[in-house]
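All chains are identified by letter, namely A, B, C and D, in their written order; residue positions are counted from 1 within each chain.
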Amino acid sequence: MSQKVIITPEAFEYMEKVTGTDGVEVRVNLPKEIIEQINEICDSFDNDPGELINVLHEAQNRFGYLPAEVQDMVAHNLHIPVAQVYGVVTFYSYFSMIPKGEHPISICVGTACYVRGAERVLEEFIKELGIKVGETTPDGRFSINCLRCVGACGLAPVVLVGDKVYGRVSPDGVKQIIAEYSS
Amino acid sequence: MIELTIDKKKVRVEKGTTILKAARQAGIEIPTLCHYELCDMGIENKPGGCRICVVEVEGRRNLAPSCITEAQDGMVIHTHSIRVLNARKTVLRLIISDHPFDCLVCAKSGHCDLQDLAVQFGIRSQPYVGEQSRYRKDTSPSIIRDVDKCIMCRRCEMICNEVQSVGALAAVNRGFMSVVAPAFEMNLEDSPCTYCGQCVSVCPTGALTEKDHTIEIIRALSNPSKTVVVQTAPAVRAALGEEFGMPAGTLVTGKMVSALRELGFDYVFDTDFSADLTIMEEGTELLQRVRGYLEGDSNVRLPILTSCCPGWVNFFEHNYPDLLDVPSTAKSPQQMFGAIAKSYFAEKIGVKRNDMIVVSVMPCLAKKYECQRDEFKVGGNPDVDYSISTRELASFIKQANIDFLELPDGEFDDPLGESTGAAVIFGNTGGVIEAACRTAYELYTGKKLEKVDFHELRGMDGIRSATIDFNGLELNIGIAHGLRNARKLLDEVREGKSKFHAIEVMACPGGCVGGAGQPFNHGDSGVLGKRAAALYAADQEMPIRKSHENPSIIKLYEEFLGEPGSELAHKLLHTEYFAKSNEVTIHLQG
Amino acid sequence: MAVIKTLDDLKKRQEEMKARVNLRDKAEDPESLVQVKVAMATCGIASGAKEVMEFFVTELNKRSIDAVVTQTGCMGYCFAEPTVEITLPGKEPIVFGYVDVKKADEIIERYIKEGELVDGIIPQNYNTI
Amino acid sequence: MSHYKMHLLVCAGTGCHSSESDLVYEMLHDEVERKGLSNDVQVIRTGCFGFCEKGPIVKVLPDNTFYTEVKPGDAQEIIDEHVIKGRKVERLLYLDPETNEHVLDSKHMGFYKKQLRVALRNCGTIDPENIDESIARDAYMALGKVITEMTPRETIELIKRSGLRGRGGAGFPTGLKWEITSKNHGDRKYVVCNADEGDPGAFMDRSILEGDPHSVLEAMAICGYCIGASEGLIYIRAEYPLAIRRLRIAISQAQSYGLLGENIFGSDFSFNIKLRYGAGAFVCGEETALIHSMEGLRGEPTNKPPFPAERGYLGKPTCVNNVETFANIPVIVLKGAEWFASIGTEKSKGTKVFALAGKINNVGLIEVPMGITLREIIYEIGGGVKEGKKFKAVQTGGPSGGCLTEKHLDTPIDYESLMAAGSMMGSGGMIVLDEDDCMVSVAKFYLDFIVEESCGKCAPCRIGSKRLYETLDRITLGKGEQEDIEILKNLGMVMKDTALCGLGQTAPNPVLSTLDNFKEEYLEHVNEKKCRSGQCRDLLYYVILEEECTGCMACTRVCPTHAIIGERRNPHVINQEVCIKCGACMEKCQFDAISLQKDYPREVQLTTNNELTV
């Protein structure tokens, strides 16, 4: 089990030559260790195109997001067009091509939370952080996401920061939550 | 057999027939939009997405999409009840509500399936107003993507993936923002697109169209200091008439020549001439390689692959960078023509290279890209300046108010207008290799070929093979059209399992007669067969049917090139290939 | 860990494991079972309630009587500790005072099994919590 | 082995887990050890008790004490007082909102009284991470019985006789589905468990997987035995990490016991189960979309027929059932079809799990017999509408469903009655709405969801749901017109008629059903520009109360659009045509003379205009 690697913008400065299973040489803008990790993930699923979604899950777990270069490498290994990989990545809301913030904020907008005022809470986060849903603050500290029902309907409205759950959040409480993480 | 009732008519059909086809058998044409089919080619697109073809099936809760619903015994179907009509019109209005209203200036106006439906259903108002999905416009040397006009019929995605196995296009995003696009919504130019243009030929709307070069040609023609030379590809003459209402398969060579002359081209030449030239070079290369192989030269690569199709060339450059030494190095007829026109011919008539404009009329969109490739330029000046499609030529003729149907038959100019029957069949799948066999046979055996027609090489099967007896030498010939078929043969070559000595590949299904620059076939695969038949008929009627017997070609070698494969021939008529997949770079635009 | 190869293997395993959860099974429907409540406040523990409770739990189980043994707080009869309240299905609860192991055995054999009243009943005028 | 005298069950479902129930467990566990009670008291983490409103829950057995909102710091008191001294910690007991009294045990809680737990039988009773506890509660007994004593045919007949119908939404008879799949030929067949619970506000599948994973694994194996499949796949949302973890544990435990794997119970039957993860697409709850997603493709549905039973995963016959459906199977096998069929109504047998949420006192997961009335659910189990407000409607079936109103309160709930009322069972989400909820906004909320979740494959859903949403949006903004009502109706009907899959066909349900039941609210929005609930902010009006206004002019100065007219020391008036509802005037006014009203102040408007013209 290799550790989590964060792909920083600098990572894309590298150029590596890789030989795929078809014997064709490819150059990818990723450093060797990341390419090796992608290969390892794809290998663990036998490079089976049917496992594309599992491969992407694993890659996103590892890297935090799915930059174009990673998708390219995955497509290469599974022998499918990269357009198809991108089509899958953009279809499922769980996959992201933007790195999440250090403290990803997820606001539940499931029905139970909605009827208990999640919309206003979301608006407040957007106002306070000055970013839209799906974006990350320029300093990389926070990102906002919406999700549908974490199943904590009894605590509605629910906000998650990372894995921590905040229940019965009111718009007034938003500032305080953000303050907990801005030191 | 099962029996069902459609609009009160009893129909008996095979089990497994869709309602749409059952209705057709009963003479009822149910309107469709996303459905597309070239049945002879085994090509079918039926995602069931547009819901225009819905019909009412008695006893069924909701309406059934007729293109994907199998007819069942005893079904009672209504194809135009109020419920059906209201549903169709509502869905049509919905599609229109997410479609730009610029029909008047749309490249597809008049050929647009969506527009046709709006006319058919008398859509006069649009009650559904709201946001329209908007995307970046993307212009490549051959194809323009204006996917605001995409209606998600998925035909292009199907062609690009299932038929061509190119994989440049896929459905991306979800819901209202979903659209067919290259990976990362990057430009086609940066994608593995081969510019085969099949996506353009199946697109029902103006979302995918060719890059139109007519205006550059009008400019060139109106510039008195330029000598404008035009060449016309074999397949164009078999299809151009369709744009003027003539039945498919009408050969309009003479009228086409007259029209071009009326349009003001200084010289009207024929790509068939350079097709003959291609056979001389490629045929020679084939024999050289085969001889070398027979002599045990381990450096010889077999099979030899034809290289006249630019979509195919792009395809192997992208997908088989490890096999770049396998295809013939011979340039395509379009580029051979340009090279000869701007050297041999320019010299002959005393025109400087830069004062000559070479225009090609092609059934193809990849040719637009091909003529822009750097290796086909001398000092920045391209051998072929502009390439227009059959459709663009038709439109140009109409703009110039030329009454095409009344035109007398004209003759090509000399010397680059003389050609043989071997050249004209280049437009059909199997035609190039047949032409090559005619010449190679005689060159190899030194005997006269009695049976000129190689029927074993003809047909519409995606992959065909034949063994030709060269007087004891058994030559295994493979033919593929459609790039997925080509991929199968190429994978065998990569694995070293190919039994072939020579393989002809055409990117488009049917070969150039089915090229992406040809008049739209609207799913009528009979059209391709008729065009192909017209070209074979033209071959039959030609006095000379072997490339090496073309007097102008013989003269060209005598006066200028020397031998096939000579140094000068190599310089002018051969090329090299470049790996395109060895660098995965992504150019995202903000 | 033994692999389960037959249905009997599974049943055996279930028997072994039953003890782990039988309390939970019983708690689902306590009214249909014998309910034994042992007062386990400080006073009760001091006078040996713990042993009594232990006895009830093990013996009832041994003697295959479906029962729920729970502890409760002080019933207010500190003088008579350890006190035990027994509720037979469909009957009113009865409280016994000065219950030791011997007495407990008698309660099981005579009251719980046979329904006979045993000495040591405290008249009740209280509610348990 | 000593007998535990007391069990402390700590809910470790996602809801309670979110409020630190893990810590509560650890504290209780430590405390038990510290006091040397380890041999007498067992502390167990279980699945969901359903009563998520008041989590974390700790239940003490055998006396059924039900502690709510337990904090880690309460652990010591529970051990000292309850466990050692036998005194219940009163302040942690559930407080009945009606009597305002603490309820001593769960048997006396209204929330549980009317419930009948079949699918949830083990949730909250066993430790889901310990297969032995499941086995003690009959896990794999049904599988053993089926394999050793019954033929696949007999088993299918049994399921058919029980009357069990798919709990995922449409209610297709489960036995029939198995029968069809068993009859279709294929060199391989697959059993798929649909655990892609995407309905916002429904979480029963997750609770079952978290609380009783073995019941689902066992049922899948039984299904595999019946249809002739040796491979099962569970398609589960990646958003359910806890359920995924428990499933993984359960699968490996079952494998190590030989209850999954090769030659189960010494027979020829082999069955293995793998997990496949969803990635956030509601449409993947639709079985053909789910199958495509499992194949690594975009989760776009395809036309049926062919049904998955004929051509499913990798083109092979595939039986897709939902989690709750599977959870019912082992009990039916053990207790018999007749027992199961005795519960419920004529056409809808057994129980149904609902996720009760919204404006209701007892938010949580409940399992009730089919045929129970809405009134019983809301007032007896749910404890009534929150804050004593007036009940308005229940949205059932999530985005695919519709709403039930007061007139449906006494209708027995089953598949047919919900359909007839323009809603559907769906996955069992039940959102209670009160007088403060605007029905147009509720419909808009669901359409917003559909717009986001539509896969985009077919035109009616891709564009139609967008246009429906936009029309509703216009209405809530006060820009609606009479034609919009017709547009909604026609579009809704056509979508139902023409959309490709169940998602699109049911997408207009929230609109059509609210239009049916609350047409007057729509008309008010359109004609009177009024939202009676006050939820549509654009339909609230700032009005100056003549009697309070001192004419100080403060509001006129802050009004950014100069909408306030009036002379000094005379009451001012707000010109509604110009007002942008920024609220600046209200904030500024020191005399509370400005109020927000739901009715469009026509009269005031008139006088204002008159004044303007004078």
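Keep this in mind: a residue touches a chain if its C-beta (ideal position, glycine included) is under 8 Å from a C-beta of that chain, and two chains touch if they have at least 3 such contacts.
Everything quoted here is computed from the prediction, not taken from an experiment.
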Chain closest to the middle [Cα centroid of all protein chains]
A
Using mean CA coordinates as chain centres, what's the chain A-chain D distance in Å?
26
Between chain A and chain C, centroid-to-centroid distance (C-alpha), Å:
56
What whole-number Å value describes the gap between the mean CA coordinates of chain C and chain D?
40
When the C-alpha atoms of chain B and chain D are each averaged to a single point, how far apart are the two points in Å?
54
Where in chain C do residues touch two or more other chains at once?
none
Residues of chain D that touch two or more other chains sit at 281, 298, 455
Of all residues in chain B, which are in touch with two or more distinct other chains?
171, 173-174
Under the stated touch criterion, can you name all the chain pairs that qualify?
A-B, A-D, B-D, C-D
Chain B touches which residues of chain A in the complex?
22-29, 68-69, 71-73, 75-76, 80-87, 90-91, 93
Chain D residues touching chain C - in the complex, by the definition given at the top:
1, 3-7, 9, 42, 61-64, 84-88, 104, 107, 125-126, 132-133, 135-138, 140-141, 144-145, 147-148, 256-259, 265-266
Which positions of chain B touch chain D when the two form their complex?
47-51, 54, 62-63, 65, 68-70, 83, 86-87, 90-91, 94-95, 97-98, 127-131, 151-152, 171, 173-178
Using the touch rule from the top, collect the residues of chain B that touch chain A in their complex.
161, 166-174, 181-184, 191-192, 321-322, 494, 581-586, 588
Could you list, by residue number, the parts of chain C that touch chain D in their complex?
1-7, 10-11, 13-14, 16-28, 30, 39-42, 44, 53, 57-58, 61, 68-74, 129
